[in-house]
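This is the structure I want to talk about, given as structure tokens.
Which chain is which? They are A, B, C and D, in the order written, and residues in each are numbered from 1.
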Amino acid sequence: MIDYNSFGVVGGDRRQIALAESIASDGYTVYAFGFDTINFQKGVIKAELDEIAAKCENIILPLPVTADGKYLNTHYSEKKTPLDDTFAEYMRNKTVFGGMMGKLFLTSELWDGIDTYDYYTREDFAVKNTVPTAEGALEIAMREYAGTINGSNCLVAGYGRIGKVLAWMLRGIGAKVTVSARRTSDLAWVELFGYQAVKTDDICDRDQYDLIFNTIPALVFNRRMLSKAREGTILIDLASAPGGVDYEAAEKLGIRVIKALSLPGRVAPKAAGEIIKNTIYNIMEE
Amino acid sequence: MIDYNSFGVVGGDRRQIALAESIASDGYTVYAFGFDTINFQKGVIKAELDEIAAKCENIILPLPVTADGKYLNTHYSEKKTPLDDTFAEYMRNKTVFGGMMGKLFLTSELWDGIDTYDYYTREDFAVKNTVPTAEGALEIAMREYAGTINGSNCLVAGYGRIGKVLAWMLRGIGAKVTVSARRTSDLAWVELFGYQAVKTDDICDRDQYDLIFNTIPALVFNRRMLSKAREGTILIDLASAPGGVDYEAAEKLGIRVIKALSLPGRVAPKAAGEIIKNTIYNIMEE
Amino acid sequence: MIDYNSFGVVGGDRRQIALAESIASDGYTVYAFGFDTINFQKGVIKAELDEIAAKCENIILPLPVTADGKYLNTHYSEKKTPLDDTFAEYMRNKTVFGGMMGKLFLTSELWDGIDTYDYYTREDFAVKNTVPTAEGALEIAMREYAGTINGSNCLVAGYGRIGKVLAWMLRGIGAKVTVSARRTSDLAWVELFGYQAVKTDDICDRDQYDLIFNTIPALVFNRRMLSKAREGTILIDLASAPGGVDYEAAEKLGIRVIKALSLPGRVAPKAAGEIIKNTIYNIMEE
Amino acid sequence: MIDYNSFGVVGGDRRQIALAESIASDGYTVYAFGFDTINFQKGVIKAELDEIAAKCENIILPLPVTADGKYLNTHYSEKKTPLDDTFAEYMRNKTVFGGMMGKLFLTSELWDGIDTYDYYTREDFAVKNTVPTAEGALEIAMREYAGTINGSNCLVAGYGRIGKVLAWMLRGIGAKVTVSARRTSDLAWVELFGYQAVKTDDICDRDQYDLIFNTIPALVFNRRMLSKAREGTILIDLASAPGGVDYEAAEKLGIRVIKALSLPGRVAPKAAGEIIKNTIYNIMEE
């Protein structure tokens, strides 16, 4: 019999573990599949897919659901779970939440008839995820930079979601923060919040930085730009692949580049799990 | 011939390396002793004690000068340098700067006649050192706590120098900050800067914390106090030895305690070296 | 002969005076019309419209250009200047900047052939204008509230441009800030910047406020909502006409409402003039 | 019969009115003398001195108790109340709180035998009072300066209690803040909190300011110093009489000086009353 207050957490990494335990601590029944090597806290019951299909109303798939488009992303299981008609069949008549579901939908035509919600594409998810991303970047900066962030000259390249949070945190601990942007209205925001503003094209003309945080997913830090930076500068690249830095040129010029991807799941799995949970709750309330 | 613009950096760890290089980059001649395994940047010349004595006006000893009261603190040398009349003799007619010089003075009566300045006892040194200490504590918190600091409930126990900076930084990245203090005037400061204030005796009555930062060098977190804390709380103890926590009780109660000592030298040696340099410059100007 | 580096400032209030003087201090020649009672600082020359037409390349009209659609907005002149074909004729072959130009265009068909830019509709103008607006609201709050803003419970209703800046400033001086918004992503932003978040519908359920700042241009504070507010609360209404408050109900319920419109020009004319100038410079550069 | 939970509020201005009403709202019985023209809110009973003496355990005198040393400070009464043996007699066997009690003690020898507490000399009182003082200074700055505080160049001269709060608030709304101090340790604090630091002697050499806030009770802004400031600068003098500015020189040099004294009582009487109340409660608890 289906329990309308039950969740099936199917596959994933540490975020999904935190998510399952957090939902359980809210009083729901949680069944988990794909965590063979994990001992869950009270309230999360390990189960096979057929049992989950029989009992749960809501299914939560991981972020991303799959890496290769063939198997479910199950970080804590030796056994591979193919994504096919059998898998999709289990999901029929469920409400299915997942992150980056595009490849999943190609694995079976049954998905056309299933109620799905991609939490990864939600604006509230993206906003909340800036926090573990920005803190992860700060932690890297603290670990790698031999000076203190307080008092250092930092450039945040790009004033999108992550740039906004990162600049705010850096100022909050006393760094001297410059933010680059392209639009005049963004530059106006930058100045009024107390940062130095610089146009993206003039990034390295104005000042010399101890730390550069790149959030722009385009090759802004090309050879020409990097050649103006100070030797010894640390550049933390937060832009999604292929990233925003000419790595080869950077190495030659003595600029140390640190690629920082997927920070939320790595630096703050519990927070990342909570964020997925709250996004799903928001979807369910709407 | 003595060069009045020359410094001898005698012994120490990474801070002293940064210090030597930083002084050199200000245009002074720097001679360094006790760094056999180190390749300095341009401007720092390795030398023996007699050469330093012959050439330098100012001598900088490490922090601490000595651990055991017998040998110089030389982290990057295999050879031991005894602190005795011979050593003191080299320092005659110099201006000698050092950190925690008490034990040094017991090693030779010659020290009575030498001009010495203990930078460690300076208020400006102590203030500046709060920055790498607080950032080091933040870095530990970010690494060890599975949530994000932003949005977490943090307690800063004690509103001395380190407490002031730590509370300010935590609020600056969006934590919910409670600060404990004993004096009503300190509690007034705490409230006006936007933190929750709690009397030291009531620390664990008011709220439950994700992270506790102890800065009080007294056994505040005894068994009784710890028994009120939430299981899973992380307690970062910044108080100098013997620290402010009953470790045994904490372990039994499921409170994770992280002892965080000597953070400046470990997490931000370059910054720590700069701080020593600037303190010495301040002394020389006075 | 036309001077390509000259500006004609035609009509306006204190903002336009500041604007004229600020452009002059940048080294341009500035002719001003419609300021009979004003003595300008060095560099601004009073002139009639025909002289301005003969000499200037760029014309700057006020904000708003006209109130009634018939006459130019000339706050500092006894004489009325009709907006008609004659006026438009003077503007031919010029670059004309103005604020809220809609009514102006109805006064002559000649405007169809004139190069015009409405600085009021620019995003960078709107962003910069939040600053004098938010400071004006703060000043009113400080003057009218018998307590201190520091430590007070403030609600900012709405998280648009003004809400963002106002909330940030209120937290910056130590108020306890709650922000209301409708979208879950905005509520996520609100929480991560350290404010309490509340859904617009639940505004007055959660907490009781000393000060409410309304920025929502819709009747959010109706009788039902106001009846939940605490007597003595001060409500500063920043929403443009007709405003967001049922004034009659407020009065009966003992809620003091202060209508705060057109703050930039009133509280910070110099800043407001600079903002218009910089917006025009941005337009010219594009 | 004496009521141990009763307070007599004897004389004062708007702060004492707020104080009386605030104590009443805490559930105590409050008798007030010297407020003939005032209608108190529920819970405050007007009474003569003999009645207060008969009924109250705790007496609260105003701040200051007296201006001339002869009569009680009664801002809301036409009738003068002499400070003499008769007055002191009423206070026998009471706990008497007052602000600046020095002159009072000279009016009768009976005071030697009375239990008195000067709340004005308390550190917690002084700290809390910085808030209305700093906000009052901000309000003046916002009213008088034609630009916005956000983005303006501000100097806070002196890093004592008021300087600390004012600098923090100014940065909190986005001003560019420089703080002057004499001690190297204070300059270290200034820098780590994100302000520019300048030695008091070099105040006007470094930068030019839109607004100067003086908190130093010594003639720092003498003719020589003022001659370096920019014409048009606004100087808000918060230092107690005789103040820290050569007013005559300032006028000649085009520096506008605004003397801002006794801000708490004037700009935030309710807050000021609360501060007195909380200080008295703190005293009673100790």
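In this section, a residue touches a chain if its C-beta (ideal position, glycine included) is under 8 Å from a C-beta of that chain, and two chains touch if they have at least 3 such contacts.
What you see is a predicted model; the values in this text were computed from it and never measured.
Of the two chain pairs shown, A-D and C-D, the one joined by more C-beta contacts is C-D. Chain C and chain D have CA centres that are 35 Å apart. Centre-to-centre separation of chain A and chain C, using mean CA positions: 38 Å. In whole angstrom, the spacing between the mean C-alpha positions of chain A and chain D is 51.
Contact with two or more other chains is made by residues 131, 150-151, 171, 174, 192-193 of chain D. Taken as a contact graph, with one node per protein chain and an edge wherever two chains touch, the assembly is complete, since every chain touches every other chain.
By the touch rule above, chain D contacts chain C in their complex via residues 18, 131-132, 134-136, 138-139, 142-143, 145-151, 169, 171-174, 267-271, 274. Of all residues in chain A, those touching chain C in their complex are 122-124, 126-128, 130-131, 165, 168, 183-185, 187-189, 192-193, 282.
On the chain C side of its complex with chain B, the touching residues are 150-151, 171, 174, 191-194.
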